[in-house]
């Protein structure tokens, strides 16, 4: 696999793509999102797997997003996702609400190559009425009335996440964050940033292989040291709580958010120009 | 988790149980099966996950089995499973034929807590006509006729396998053999033999956790060093091809199979009496 | 009324722990705790540190997370019936124990937008017991009828459901839920039946004499301030600082 | 007829490799090889060692197996459309490319019982190309109509299917399959159109002049006996010993 740099990786995301992103506690690709903001991508249709956090709020604030399909958008202990809420109220984005296991189920259906998969629960929630793409049917295996929800397969155009390491074959180590394996299996393309490239084949190492995604699912890998920052990465480094608080505070206003972008996201030239 | 010995573990399998077993290339619990033969269990309903090998043939030959639900029974390079074929021809067992992904699908449905899951393919195979528990329906998400198979959830009474190691909390390391995680999730009870007990928490170790099954799914663990023998165990030890050839040859006849049991499975007392 | 030194959060934690241990409820052998749930997490730890045989699965520990199938495993576990008790909250909660995590006004929250439903629409139906927790007790939160139902408290016949709310704990009181309606079960110090009625938008039953929510015992307080805080502070550093004055000294534990 | 020193297995391997490389067939970027398939595995390795850009997923390597979702991953990959070519065989194969891995006589094999269907009922429909391989070429194996269909060669309209058999390679010849029937494509040394007709239970088409199955080239033989055998011997020690005289010296490689 040819290695490319972060900006080349971001250049591979076309305007309007359906881009799947993990939440803040699961290998979120923050440096990649910063590169997407710098590249000026537009019209992204974001999918939260299964919820959305800092990266989604940032991309919305920077005007890169047309819609969000997710089970929730939150900054965790730092509170509400302010740019999401503001953009939704202003009608600049639309939201398709889901519930966590429904997103997992849609990805599992795509992983398995089936057009739908059933899910218990959910019936009685107003979600169902607002999801014309979902269907409720009577369980054909029951001998009594038994309504059950069917979720259609969900195959994002692109999955992106930040992992600990990759090898020269494009195999990527995600450890116990196996929802990202399901995501890579379900997505049409998978773009990955990593802390580092290791010099052995992860799949030939019986201790590493169980936490590895086979490179056959991975289109490109770029190195981005501390590429989850300000989010934490497994046991490698913790979430930067002070930075998160700064973001949550600045992003309350449009002006504050611009200040944040200029301080932390936009290139030095733009910062100088600001 | 209190540790018990191999015979105590085998004593936990009641006559008539639906017992799920991995094939010869995936942590097959051979020492446990030998203990089941010594205990004299009867009427087992075996499930191959997704195919069956030496352990299934051995249990059938020893008269422990009433039925087999599987995608295939084979000794691999050593050829046909002779006791399976003989018992089926003699009407001593019944077989429910499946196909590998259908068994995975049934276990995934049980893992997910849904009553069924769809699967592509299979339609047109005579399997469908012989599986009244399967249903074919029209895909409700298609705008054209699109027949699809539905597989009911499959929840074995007991799953048994032989893993590399466990920790004092009952967490079990299976490495990349993750179909056993799905199996443990789907089964009502999971009994495991291991090469050794480690003295740290496998789930607290970020490198081991991805290949670990949480102890919450595991009822009991017993130590059985070289407990997969004559089958191999990952990179720990290889399959004993000479022993396999001996088994394949002896098991061609009822008398030869008795000789095999006396040589390798029954306790010294029974061997002395033989 | 309030014994010196008992923090309101400590009382809420203890009240929830007692609900977990309610012998009349289905057994809680395995408790899962979701995101941003410091008080329910502390209550679950308290039950465990009191010596009860309970398994805790805490979703948002940054390391040592119990799951190895990723975030899907919590929902699979609940689907399998292997989670006995879960906690939920809501931006709005009504008298039928319906939860609204979507927002006020029309869909999808044309008034105030909340974060979204998370897993509530699934977990609430799949779990034998749910303890609802919402610290804010106002008519804004506790409404006659939620504007949007993220997760229903009551299901129609023919809808598979293992259980519903056991109780609702707020900053003012504890309500129990009988599958159809709430009953005021205990008042936190300083509250009266009248103050609860005035702050609650939905109707509920009362008994002849509503007791006060019991104080944490000395033993419970010692556990909370020591071993429970020890377990919590990697996941909830801000909460531990605020309630127990525990400063984070280890950068890696933040 | 047979050049000195070319083993029959080597000719079969080369014949399969050429089918894999057939430019008229859909691209084979990712080939998966199932259990007990030494000759197809060797053919796939030969294609790779010839320098073609192809990914091989070999299911039964005792270590270094490419899958990390367990044995399910092969089927998921095929479901996703990420496997371009797979190999299947059968206890019986008929002229419509139906495969019987169940047994002869009535269900479930009241005559001779075969091992079972493995994943054939799924893989045959999900894979754009399947190369059928069965060394035994007799009327016992190649029958007018299989007694039981493990996997159908042809599907009814409205059944999702990505492809079917590309060809059938036996110990005597190569047949190609056009989606409806077989055509005799080449004869192994020593065989004639008449000898094939006499040994084949199903009907098939012939062309004006059926060529001989080409010999392996010197370069192909060198690759087979060196690097291909190196890759194979951990999984297929007995095959490597028999065909290439490679003794297993490393106990751990057995």
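Note that the chains take the letters A, B, C and D in the order they are written out, and that residue 1 is the start of every chain.
Definition applied: contacts are C-beta pairs under 8 Å (C-beta built on N, C-alpha and C of every residue); 3 or more make two chains touch, one makes a residue touch a chain.
All values derive from a computational prediction rather than experimental measurement.
Novice: Looking at the contacts, which chains touch chain B and chain C alike?
Specialist: Common contact partners of chain B and chain C, which must touch each of the two, are A.
Novice: Out of A-D and B-D, which chain pair has the most contact pairs?
Specialist: Looking at contacts between chains, B-D has the larger number.
Novice: From the C-alpha centres, identify the chain that is farthest from chain C.
Specialist: If we average the C-alpha coordinates per chain, D ends up farthest from chain C.
Novice: When the C-alpha atoms of chain A and chain D are each averaged to a single point, how far apart are the two points in Å?
Specialist: 41
Novice: Approximately how many whole Å separate the CA-defined centres of chain A and chain C?
Specialist: Centres of chain A and chain C (C-alpha means) sit 28 Å apart.
Novice: If you average the Cα atoms of chain C and of chain D to get two centres, how far apart are those centres in Å?
Specialist: 59
Novice: For chain B, which residues are shared contacts with two or more other chains?
Specialist: In chain B, 108, 112-114, 119-120, 146, 148, 176, 178, 181, 206, 209-211, 234-235 touch at least two other chains.
Novice: Can you list every residue of chain D that touches 2 or more other chains, as numbers and ranges?
Specialist: Expected reply: 63, 65, 67-69, 79, 126.
Novice: Please list each pair of chains that are touching.
Specialist: Pairs of chains that touch one another: A-B, A-C, A-D, B-C, B-D.
Novice: Enumerate the contact residues on chain B facing chain C in the complex.
Specialist: Residues of chain B touching chain C: 110-114, 181, 185-186, 201, 203-204, 206, 209-214, 216-217.
Novice: Considering the complex alone, what residue numbers of chain C touch chain B?
Specialist: Against chain B, the touching part of chain C is residues 30, 55, 57, 63-69, 73, 76-82, 126.
Novice: Provide the residue numbers of chain C that touch chain A in the complex, in ascending order.
Specialist: Contact set of chain C toward chain A: 35-36, 60, 62-63, 65, 67-72, 75, 79, 101-102, 107-109, 113, 115-126, 148-152, 154-161, 236-239, 251-254.
Novice: So in the complex, which bits of chain B are touching chain A?
Specialist: Touch residues, chain B against chain A: 105, 108, 112-120, 135, 137, 139-142, 146, 148, 150, 152, 174-176, 178, 206-211, 234-235.
Novice: Give every residue of chain A touching chain C within the complex, in rising order.
Specialist: Per the touch definition, chain A meets chain C at residues 23, 25-26, 50-51, 70-74, 76-77, 80-81, 84-85, 88-89, 95, 97-102, 104, 108, 119-127, 130, 144-148, 176-182, 232, 234-235, 237-239, 241.
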